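Labels A, B and C are assigned to the chains in the order they are written; within every chain, residues are numbered from 1.
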């Protein structure tokens, strides 16, 4: 089961290296969004809460520009049927999820480095808390955007619908992640942040379970 | 037929009573409402605003339940029921948002202030909007029903998170919310018996109205599908 | 001789509220070739997709049995080989990469001997390291046969198997099909008389259209 999903991930990874569908649009989006924010700020210093918010704004929209590729590219090329013939739905979901998780983490490490270099307000006091928020936040982002990507790949309209469908689903995750990021800036301890951490972990677990159970319905015609 | 007349009379009574009954400092007659500090005449919104908000949530629940049923049984009638509930849900959701915003302008000084419940109803509006956008983008009936059912269930799962995290992020302004200092829990303490009675009558009346509209809604969808099928052959 | 049995029990399929076919029941066991015929748009592809477990029927049941045991849907794909015009292989990979990725995702090792034998037989061996992008449509069709046969499936479903093929390609395919049919079940959905001539039995979709 795990090796099969990993094989599917390897296939996607190799395909991504050859075609660079997702990575190019992701990278460009990160650059464009960050520079627009920098231009609009100008010489002003922005508060930490605004920095935390803008950090997740860029993450959300970058994710929306690239994560749908996992399923949409299969559907556009007509290879979904081929996948159905060689793997069980659970394998396909795990493989695609793995691919998106890797993509999200790579992308967000770049965004984090960019932010810490460019924004004064991005000063992390509690690194461990930030890493925890970063980890669970990104995992949730990858899980929810994978199942939504599966839904829109089977629907007619592809690109435009993706952020529209994802936003309400991701809103609780993003709000909590913004709170946690802000807390890590303020140097709050894990005890202070236990409520938010619990929420974000619950979100990840619930979304993962639901996505696994519901993927069969989405995937089968 | 009789219950339709009853519903008409009930809603007529609630409308008249809710708007016309006076608010006095110390109620003595049966038709007088008590004065609630911080709310004054604005308190009357409760007879109309709360039922619409309640129904937008009920409709969302029903839409999810029928989505779930559709996935289990694959019966397109369940999808029609889910769709009809959501159609009403978005209407009531918009009504609740507008009545709430107008009321907030007078009570809190601005149309919108991201109070937890305002944020939640905003999220609900977004979910409904996304759901209808998804449905309109799919041609095939089964696919539309399946994908929108899956989306409805996932969206439904996010709702508890809003309930838990919103109060942590922003202060509540609504009468009755934990942070509300000037008027406290309205329904428990501040309303007198006749105000409560009219409030619950209104809630019941609107709920019956909703089920009636829903019944007509889903039946008309099913009939339309059948007629389409007949003419297409 | 393998012990594969396919039961099709009372299946019906509607698209929306439109009937495609109704109350279809048949059974195939062990080996042989079965044809499915019908006009364009009559639901041949839908039927084979239902048999392959890709599409679900509106009602009724399909049971696949191997050596007396029922195959669970999660595992079904390993017993089935599928060829059709709407099947697409990954164009950014070479034929060989396609086959090896597919085997890995199935969780088995690529059987190199069989792959080479099939590539040789279908005249693709020299081009096996070229990207599929550069193939002609006939070559892609031949590659699909390798994709369908590489894992030794017990049930081989061929939807319009000879489209895009030249006459020598067709002969090769017919020869392969005859060979495979000695030990496996083969289902051919086609309108070509030459394809249907191979079949020992024929299912006509027109017989299942009455409401």
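Just so it is clear, a residue touches a chain if its C-beta (ideal position, glycine included) is under 8 Å from a C-beta of that chain, and two chains touch if they have at least 3 such contacts.
Since the structure is predicted, the reported quantities are computational estimates derived from the model, not experimental observations.
*Asks:* Going by average Cα coordinates, which chain is farthest removed from chain C?
*Replies:* The most distant chain relative to chain C turns out to be B.
*Asks:* Could you name the chain whose CA centroid falls nearest to the centroid of all protein CA atoms?
*Replies:* The most central chain here turns out to be A.
*Asks:* Please tell me the distance, in whole Å, between the geometric centres of chain B and chain C computed from their C-alpha atoms.
*Replies:* Distance between chain centres: 52 Å.
*Asks:* Could you please state the distance in Å, as a whole number, between where the Cα atoms of chain A are centred and where those of chain C are centred?
*Replies:* Distance between chain centres, rounded to whole Å: 38 Å.
*Asks:* CA centre of chain A versus CA centre of chain B: separation in Å?
*Replies:* 32
*Asks:* List, in ascending order, every residue of chain C touching at least 2 other chains.
*Replies:* Chain C, residues with two or more chain partners: 56.
*Asks:* At which residue positions does chain A touch at least two other chains?
*Replies:* In chain A, the residues touching two or more other chains are 221.
*Asks:* Please give the residue numbers of chain B that touch chain C in the complex, ascending.
*Replies:* 74, 76, 140-142, 225-226, 228-229, 232
*Asks:* Along chain C, where are the residues that touch chain A in the complex?
*Replies:* Against chain A, the touching part of chain C is residues 49, 52, 54-56, 73-75, 77, 80, 82, 84, 86-93, 97, 101-102, 104-107, 147.
*Asks:* What does chain B use to touch chain A in their complex?
*Replies:* For chain B paired with chain A, touching residues are 71, 123, 126-127, 129-130, 133-134, 137-139, 143, 146-147, 149-151, 153-155, 157-158, 161-162, 164-165, 168-169.
*Asks:* Of all residues in chain C, which touch chain B in the complex?
*Replies:* 15-18, 56, 58
*Asks:* For chain A, which residues count as touching chain C in their complex?
*Replies:* Per the stated touch rule, the residues are 1, 3-4, 7-8, 10-11, 14-15, 18-19, 77-79, 81-91, 95, 220-221.
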